[in-house]
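The next part holds the structures, each set out as structure tokens.
In what follows, subunit A forms one complex with subunit B and a second complex with subunit C.
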Partner chain A sequence: MDHFARLGLPAALDLDAAALDRAYFALQRQWHPDRFVAKPPEDRVRASAEAASVNEAYRTLKDPLSRAFYMAGMAGVDLPGDGKTIDDPDLLMEAMEAREALHDADTPEAVDKLAVEARQDVHKALAELASLFLANDRAAIRKTLLRLRYLDKFAEEARARRMNIDRSNA
Partner chain B sequence: MAYSEKLIDHYENPRNIGSFDKTAEDVGTGLVGAPACGDVMKLQIKVGADGLIEDAKFKTFGCGSAIASSSLVTEWVKGKTIDEAETIKNTDIARHLALPPVKIHCSVLAEDAIKAAIADYRSKATKKAE
Partner chain C sequence: MTLLEIHEPGETPLPHAGEGSLAVGIDLGTTNSVVAIARDGTPAALHDETGRALVPSVVAYPEAGGVLVGDQARALVSSEPRNVVASIKRLMGRGAADLHAVAGVLPYEVEPGTGQTDMVKLRIGGRARSPVEISAEILKALRARAEAALEKPVERAVITVPAYFDDAARTATRDAARVAGLEVLRLVNEPTAAALAYGLDKGSEGLYAVYDLGGGTFDFSLLRLEKGVFQVLATGGDTALGGDDFDRAIAERLLEERKGDGLADEVDETAVKAALALSRHMKEQLSDRDQTSGRLEIAGVPSFHTLTREEFDAMVDSHVARTLEISRNVLADAGMGAADVEGVVLVGGSTRVPLVRTKVAGMIGKPPLTDIDPDEVVALGAALQAEALTGGGDTLLLDVTPLSLGLETMGGIVEKIVPRNTPIPAQLAQDFTTYQDGQSAMSIHVVQGEREMVADCRSLARFELLGIPPMTAGAARIRVSFAVDADGLLTVAAEERTTGVAQRVEVKPSYGLSHEDMADMLYDSMDNAEADMNLRLLTEARVEARRGILALEAALAKDGKLLSGEERAAIDATRARLETAMEGESRDEINAAAEALETLSKPFAERRMDRGIREALSGMSMGDLESRVGE
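Up next is the complex of A and B:
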């Protein structure tokens, strides 16, 4: 059973966050170990396995990027794993230029501006991804997900850069 | 985790940071990335009329091991022919810097970067010859 089915939700990228929370908390209650203390051992084992699956499903689907990668796996999109390299020039040039701009940004305002732009790019890319999943365009899904990986990394680096600037100004 | 002195030295005093004009005929550019960790590495070689790599530059955004791996490769390739430079293996880089197992992929990135730079230089040379 896939993570969406596990939570009784449609397999969609633009999952309703509130519906996801509701489904998760309901199932968590249903399989909570406290409700199985007086039950036979096989029921207790089952409940703990169900609870673990529900937790994993929730963890995977809660974050939009992680959800997108999971859906890509379901759709059979081939993504490079740990230690695999890529040489897509457009994507890497964009990532390189963004990181250079961040490196040169030396005020909190300059860093925030770049971070805001990157967040907008993430939203746009996620919206594109939703229609790419509908069209099952695997090559484009792959490319967009790799771009999202780099945008996500950029956001992380922007937070670190911001903290460094704040600390040196303090 | 304990890092080797060589690795720390390359990380703290990286050699050959910078860029060449990527459109120049005597320059080969390799741009590679490891999406799983969000690293991006640019490695460039400048090849002299005698066929030897006379200079190399790099720019890497990534962890210390990725920076050290690319720094080391730019040092190694200088004075070599492109055929010699092409034989550099990630295992040589990893061994020299004593990279911990979880950082082996950084040396893979550096090997792929120099190979890509050489391929770029060769394709320019072929076009020029045509």
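Up next is the complex of A and C:
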């Protein structure tokens, strides 16, 4: 059973967050081990396994990026593992320029500006993905997902840089 | 008469329900512990005869025999310091790396491991005792209090742990409960329990933060409350940061001030405990006044100290700043900003410190919620959960893993399998392969922590997967699965999947302390012991020399004319040599110069004595003389 089916939701990139939460809470009410404290051991083992699967489905689908990667996997898109070198020259150039800009940003405001831009790029790329999935354009899905993965990493680096600046100002 | 009861799936009452055995909630704290019970959704802390809910988490093994817990144990701190142990929670499931964090707070002798568990053991009351045994005594006392108050047997409990407690510390807590004869219904994270106490009271909805600063640990958690569901979104903390650090900062200053006054203290266990006790008192006083003072007595020598709120704030500012940094990280982990937070709940006695309140309010932009006693709120939440687990109830607690769990891969790098803030229970797996032709075994090393290198993470378990059939490198498919249960406890399994020959190993992490760790720990403590001893002897020599010089000065002022110019010059020169030696670090030089000065001034002392006797005798009656001698 795929994660969408487990939660009883349509396999869509633009999943309704509230519907996801509702489905998740209902299933946890049914399967959470706290509801099985007084049950025989075999029931408790089953409940724990069910609750864990529901958690895994929820965790995978909740974050839009991880949801997109999961859907790409379902669509048979071949993605390189995390941490592999970037094989797209455009993306490589974009990444290098962005890193340089981050390196030069030495005020919290400057770092925040870069982080906000990265977030906007994420939203734009996710919006593009929806139509690519509809067209089942695997090459384009792959290219966009790799760019999303890079943007996500960049946001993380911006956060670390921001923290360092805050710390040295404190 | 009820012939048949119908229950929703999963909501059947326990077989024991109605048999008179009750389930309580226990906050097993670093400084204080509390036991509480909930009935019909209303929790109450259980009090002793004098009406107090807090049981100091102090255990004593008195010379006279038996075991004492709480105030009675604390009363023995001054008379039998070696038989009293406090803040044991800091050592639950602890290893060598964490021990220096508690040094000074726990001046106890550490025992070498027995080889069975490799858990830290302390020599208390003349015997090696594990933190599990010592914590079990606190739990037994809480259980006895509950049984006395409820007049029924108590065999089951929900026990709270800091959200940031790692696997070893959680296992140790469960073991302690078992030793105390309590079945643990669930280990619940302290901040979650606190939110439960608040949420049910107020029917709150939205995003809430729990800032929990106790005696020894700090936790910050973000929870979403919605229609009876308590969903933890993210959590973070530090297991070696708390009010004890505030006490230590004050104590260091007190001892410093005494040194400044020329008092030479032997800074031993008793002195440290006395300084810490006064420090705690001064800290508490500063919660509602701007200035406090106190009297410290070490080895019969008193000193008086004052401390202003401003000075105290400056001393603890860096600790508070660290808690805010952790809090902001947790917010970022959940993808939230401070503005999204509806309210922040303060938990733990250390949140009474005004600076903490101001800074937390400043970060969230709202005054914190403090209407439930921060010392009791966790136990009250645990009691509610105990009731929910035994009698049904509609509350649902969805918690997360506090720390990432992973495996060591080539080059000592960590491959994370279960990232932090994963909802529990969780079951995650990853496939690995062999890197050599014909490789028949694979070493599996389970670690916990956020760092990239194994050396910086906490080692939980090591085991070997044996019997892998001979294959070319990279052909085997070894699946390692991690299961984290609802108590946050981990089980790891590994199997080879291509051949169907399922070699399966299950591992419950141990206390994570290897023999090497233990040896290092012992060497460290011995090294420090020598340095400490040398420093003490040097200080003693300086003080002794200073005392000699002061006596000589007084004598010279009074009877300097008894000396010839030559004699006086010699004494002055030797005195100068002694003063130079006192500024240095050599105890031998100080002692040699002091001895030379004493030899040189001996004739002077004798002459003074002679003269003193002659003066005293001249024109005095026998009665005068006797009263003089008696002075």
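Assume the second predicted complex is superposed on the first by the 152 of 170 C-alpha atoms of A that agree within 3 Å, B and C clash if a C-alpha of one lies under 4 Å from a C-alpha of the other, contacts with A are read in each partner's own complex, and residues count from 1 in each chain.
Please note the rule applied: contacts are C-beta pairs under 8 Å (C-beta built on N, C-alpha and C of every residue); 3 or more make two chains touch, one makes a residue touch a chain.
Owing to the predicted nature of the structure, the values given are computational and were not obtained by experimental measurement.
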Worksheet item: Between subunit B (first) and subunit C (second), which, if any, makes contact with A:Pro89: first, second, both or neither?
Response: first
Practice prompt. In the overlay, answer first, second, both or neither for which of subunit B and subunit C A:Phe25 touches.
Written response: second
Practice prompt. Applying the touch criterion given at the start, work out whether A:Arg99 contacts subunit B, subunit C, both or neither, answering first, second, both or neither.
Written response: first
Worksheet item: Is A:Tyr150 contacted by the first partner subunit B, the second partner subunit C, both or neither?
Response: first
Practice prompt. For A:Ala49, select first, second, both or neither according to whether it touches subunit B, subunit C, the two together, or no partner.
Written response: second
Discussion item. According to the stated criteria, A:Asp34 is in contact with first (subunit B), second (subunit C), both, or neither; which is it?
Written reply: second
Item to complete: Using the touch definition from the top, say if A:Ile165 reaches subunit B (first), subunit C (second), both or neither.
Response: neither
Item to complete: Could you tell me if A:Pro80 is touching subunit B, subunit C, both of them or neither one (first, second, both, neither)?
Response: first
Fill in: Footprint overlap on subunit A, where subunit B in one structure and subunit C in the other make contact
none
Worksheet entry | subunit C partner contacts - residues on subunit A that touch it in the complex | 21, 25, 28-30, 32-39, 47-49, 51-53, 55-56, 58-59, 159, 163, 167, 170
Discussion item. Residue numbers of subunit B touching subunit A in their complex, please.
Written reply: 30-38, 40, 42, 59, 61, 104-105, 108-109, 112, 116
Item to complete: Give every residue of subunit A touching subunit B within the complex, in rising order.
Response: 79-89, 91-93, 95-96, 99-100, 103, 146, 149-150, 152-154, 156-157
Fill in: Residue ranges of subunit C touching subunit A (in the complex, touch as defined)
9-15, 17, 185-186, 226-227, 229, 231, 321, 325, 328-329, 332, 388-390, 396-398, 422-428, 483, 485-486
